[in-house]
Amino acid sequence: MKKCPVSQLDALFASVAARQKLYIPAGEAKTAAFQPWQEGMKLTDALNTVRSAKDLFFPQVENLVNFKVTGKQIEIIENRDPSEPFVVFGVRACDCRSFDILDKVFLCDPVDTYYKTRRENGVIMTLACTEPEETCFCTAFGIDPTDPAGDVSCWMDGENLYLRANTEKGETLLSELPMLSDGDAPAADKTVFDRLPLKNLPLDKFGGEHMMELFKYEKWAGLAESCLGCGACTFVCPTCQCYDIREFNTGDEIKRFRCWDSCMYSDFTLMSAGQPRPTQLERFRQRFMHKLVYYPSTHDGEFGCVGCGRCLQKCPISMNIVKVAKTLGEETT
Amino acid sequence: MQKIGVFVCWCGSNIAATVDVQAVSDALAKEPGVVFSTNYQYMCSQAGQDMIQDTIKEYGLTGVVVCSCSPRMHEATFRKTCEKAGLNPYMVEIANIREQCSWIHKDKETGTEKAIILGRAAIAKVHLNAPLTAGQSPVTKRALVIGGGIAGIQTALDIAEAGFPVDIVETKPTIGGKMTQIDKTFPTLDCAACILTPKMVDAAQNENINILSYSEVESVKGFVGNFTVTIRRKARYVDETKCTGCGLCTEKCPQKKVPNEFNLGLDNRRAIYIPFAQAVPKVATIDPNYCTMLKTGKCGVCSKVCTAGAIDYKQQDELIEREYGAIVAATGFNPISMDKFDEFAYSQSPDVVTSLEFERLMNAAGPTGGTLLRPSDGTHPHTLVFVQCVGSRCDGGEKGKPYCSKICCMYTAKHAMLTREKYPDTDVYVFYIDVRTPGKNFDEFYRRAVEEYGVHYIKGMVGKVVPENGKLKVQASDLLGGQQLHIDADMVVLAAAIEPDKSARPLATMLTASMDTNDFFTEAHPKLRPVESPTAGVFLSGACQGPKDIPDTVAQAGAAAAKVIGLLSKDQLTCNPCVANSNELMCNGCSACEKVCPYGAITYIDKDFRGPNRTTLRRRVAQVNPAVCQGCGACTVACPSGAMDLKGFSNAQIMAEVDAICK
Amino acid sequence: MQELIKAKAVELLENGVCDRVLGWKAGEFFYDVTPAVFRSREEIEKDFVFGPFCGANMSKYLIAESRKEGKIAAFLKPCDTYSFQQLQKEHRIRRENVYAVGVQCEGMCDIDAMKAAGIKGILGADGDGGTLTVHTLYGDKSVERKTVLAERCKCCKSKKLLGCDEIIGGQGEELESNRFAQVEKLEAMTPDERFAFWRGELSRCIRCNACRNVCPACSCEKCVFDNPASGVENKAAANSFEENLFHVIRAFHVAGRCTDCGECSRVCPQHIPLHLLNRKFIKDINELYGDYQAGADMDTRPPLVNFQTDDPEPSVVHERGSEQ
Amino acid sequence: MQVNQEFKPTIVAFCCNWCSYAGADLSGTNRLQYPANVKIIRIPCSCRLNPMFILRAFQRGADGVILCGCHPGDCHYTTGNYYARRRMTLLFSMLDFLGIERERTRVEWVSAAEGAKFAATMNEFVETVTKLGENKRLEDLRCKS
């Protein structure tokens, strides 16, 4: 394990940024975001960014391909957004786990080459949590926020940043940083995590066995009742992966791009025959069934949620996966 | 995908001189959907039209773009051309490459480039055009004439003669209008009453004419062919059906001090009155502002003397609703108020009168029995000064009117001439800016006044009139003589400008007919459609459209009648198909569109829609009456959801044009 | 207050005045209350809350609820009642199916304001009146209530409860508020500064549509941004133009109808001060066409479907700008 | 200031069918010149102009957008331009509020008789927009190729 005095953090960032683009969580607490590092930029006070680290690998809008029509000829023009090597620092354990989930979707056959390129180009430097929020419940999914994964895991105390390379990419990165010296992080104080109010989220009944029972569960109506059908929860979620493919006619050519979609939207997976989930109830159910039931049922019981708590903070009407899980869990246990 | 044909017109050299028409048709041939593109010397010629028709048939065109002059010029022509070839006329778009391109650019390269872009925009639009079919609406075969002056009477008579029923609504107790107050008419000097009253009687006796006197239009709904008009029949406190017009009541009424409006307040009438002897209908009317009985409940003399039992103090205003196919505005004019012209001492001396008052002073039925006497002392005036253009031709001032009132020169000549004829001992001066006499026998008439009757015409304006010792001291300039004049006059007559009647503005709002800044009704076209208002089904007769003398008024009244007859003789009207339509699936029922619709074309219904999971949802949705909608598009922007769109100018079509132009 | 409201809710249900009650349901924490429909005394007694975090504007739910069978009782705060009336004016709410209970309000708190004050891991809060004691994972903290009021409540325009069948907590008055202060500040900037300000704000937009979906004025059956035929439809802002487009068009569509309830800014996950766009329109309307408060009455024509023949010309925008 | 002579702004002029489009025709009939950058789109009335069209024009590369309609009081549809006037005033104010150059948008009332005014207005507007330069603040880079 390596260390670097906190006072040298700027130098460390500068050194990383000299080789490739570096993103760090910065900005005011309520609008924190992963931003390209610049001289003088400080880490945010917020535990987590508003948008997750997912954005750097699976951006909200991404060009796919262009078409040009001349007479009766259609020309296909490659138009990928260029992807270059980058490092993202300060990813929390929850966001880091989301890449396991996203990888299983995007890297299985057929491979999503747009995502894959970014995954290959990106080095993830995680940062262990010391002061969780009341909305955190990553531990419910077996995540240890004090020992995050990633290419490089980091710990920070008042004096030092400790770094541990977990992968070859991580090793390479650390080897290029001259200000690092050897040193081990002190053992993490985990007591605060035991006090987290949501740590015992009942998840036993989810995962596929009770799929139809849960699907038909009558309390969905009450849960979905006041859902506004906005996409706030989906767009701040580190694991939501649905997108739509659209085209934009510039007059000269057609630009095909993809952008995030939300199962909460009334036109999600709209087909010529109509909307398969005609009311908000079905759409709402889809989102939570996907995270808690469908995904684990096809991925060895792994949940599609990492407990980052963003949706708890951002839902306009404070309806969220915890309330859903508790309502469903309580009835079926 | 449409199959579009592009036809580029040279317009001789009008377009071809600054636009390379070959380059344009070549460039447009490459646009998506274009299957045929050509250019030709005169597209609007028979040969050009034939070419379009042949191409439509040969290539099975579904859309046509003509790059030519303004659509205001030939859009209708080319639509008809295409219709004859079996193409829906609304599948035609015009690219205006003459007025908005070749004529304003000198450089051929620039002009060609722009013409191509305009052509592309038209092609982009036509891609989204949909065939439109004009709807039909029935025509109510009855006309309404608002105003019962000579204009209204003539229009009504002409319409009635053609066999259609007409209602005349007149706000006064009698029809006849201003002409009843005039003594003699220029240039023939025949008696106005002698030519007018027979027409009034004709109107009253014509089976097709229904006179609603002492009535006002309260509201107008509907549209061409289908107007519904609410008319307020004001309470005259006399039963029209019983009153015989004997006039006994008007003699016995003890309230004698009511200014007589017929004589412009130069004498008095009673509280119950018949405006003048030849009034039509000849029915008494009680003036509620003066009648003691109506004000205090004590009197009842008229009721006692009326043998017909026609007096009814309890009569109320009555609202009647009628249907019409056409409406004619004939609301006439009034002389402007002299309040702002105190330099002429109108308010200071009763001997300063307006021309219309002078008319009454000369009239045998007037307050002086036709003898010209000074209102102040009843003496015979010896020196008279006529001032022309009082309030006419004032540039931009708040005081007067910017326009020429047209009739003043002639009636002043008439007054001067009549005065000199009847009273050769008088000196008559006329001050003028210009004397305007364009009309048959008008200039001859004016010259007679000067040459035969010795009227002193002086070019120049009167600066001031000061009453002094029973005389009116007139200070004026003689522009030709280059001197200041001081005349001690006995009377001064002011040729007051005329303005539209005050009722015209609210009426225009009800009719949604437009007006100019002077409150004259606007014609649909100043030259080509002078008697139609831009609002379909509304026609203009007489001075409400602009200052007019009697011959012009009668001519225009007849013309308006001809237009009405043309309309009423149709059984069905074809509607403009470029109307708004509401997509009920997106309509919120919020009423924003209804509020901005100037025609009341939008109504709401509650309608059941299929909801998710086999449910039924009842929603309030807008409905557009295509016969009423005029296609302005105000609703389309007021609608936040975009449920309201306009056929022929849809959101998608306009945006396609924008895209093509900005590309 | 909460007890009064709960008792009223039970009373209305049991007296048969209504068969449903729209109110706020307790969440995991003290601040994450959810609007909910209650159907029984038990439900009300268990979960019904009214407190400093009941910020959600309940009026929009009444569009759908009032179309259902039966009658729903709704508890509406003063700002909710403005939206309630505005929606009735637009024929969106069936008034006869709603029993409206006005609830007086002391201003709602903003959990993010607490967090911005550096309080982490918030578990609960106590204390009426001026000071709140906040229990956190890291011990208790105390905070002045007025410092954690929602932005919109700090410049509350009115405590008036409009068009209610019944009122709890007393009728209030319209207030003198300085709600246009921030708009004025922006107006005083140079165009370059304003452009930079709004780019900074709007570039954070993730087009989650929370602002639109929560907005009582944005209650179109089909939003133009969801309608492929509208020509402006998009699911995500592909670039700065589309970010501007969405917010300008949205503000324009609610102009003259927005009651300034401030929900758009409350729900924005990125804390974009969207209410400033709406307030700009309100301020312009007040200045150019005379004071107008959407929802304040049922009769006045909304300013964008109205006109005066002597309205100022659009060039007023250029002239006003050049004075600065 | 050095004005870029090469820059030819794209100007979209929305003209109401009854007054301003006819006014534009008249300026053509009278051979009054104005720059070819101005392209006219005919709409039935100024009240047909949806703010979306203006934004669309900017998106697609317009550098200035002008609306011409009948003079207030003279609207063929009686009241259309009064509504248009309010809508445009508020829209322009909002664009200004967002820091977008207010000189890029304009409303001018042009009657069917005012061919000279139409040409003069267009000349002036083109000059103003040319001085401003390219529209950068409301552009969609996808449309610039």
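Order of writing sets the chain letters: A, B, C and D. Residues in each chain are counted from 1.
FYI, a residue touches a chain if its C-beta (ideal position, glycine included) is under 8 Å from a C-beta of that chain, and two chains touch if they have at least 3 such contacts.
Given the structure is predicted, the values throughout are model-derived calculations rather than measurements.
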Inset, instruction - From the Cα centroids, identify the chain that ends up most central relative to all protein Cα atoms. - result: D
Inset, instruction - State the chain with the largest centre-to-centre distance from chain B, centres being mean CA positions. - result: A
Legend entry - Centre distance in Å when chain A and chain B are each reduced to the mean of their C-alpha atoms: 71
Legend entry - Cα-centroid distance, chain A relative to chain D, in whole angstrom: 46
Legend entry - Chain centre separation in whole Å, for chain D relative to chain C (CA means): 36
Legend entry - Approximate Å spacing (C-alpha centroids) for the pair chain B, chain C: 50
Legend entry - In chain B, residues with contacts to at least two other chains: 596, 638, 651, 655, 659, 662-663
Inset, instruction - Could you list the positions in chain D whose residues touch two or more of the other chains? - result: 51-52, 56, 60, 73, 79, 83, 87, 142-143
Legend entry - Interface hub residues of chain C, defined as touching at least two other chains: 224, 230-231, 238, 304-306
Legend entry - Category of the chain touch graph - line, ring, star, complete, other: complete
Legend entry - Complex interface listing, chain D residues touching chain B: 10, 12, 17-18, 21-22, 24-29, 31-34, 36, 39-45, 47-53, 56-57, 60-62, 73-80, 83, 87, 119, 143
Legend entry - Of chain A, residues touching chain D in the complex: 248, 250-253, 255
Legend entry - chain D - residues contacting chain A, complex: 60, 142-143, 145
Inset, instruction - Name, in rising order, each residue of chain B that touches chain A in their complex. - result: 30, 32, 612-613, 659-660, 662-663
Legend entry - Residues of chain B that touch chain C when the two form their complex: 585-592, 595-596, 604, 617-620, 638, 640-643, 651-652, 655
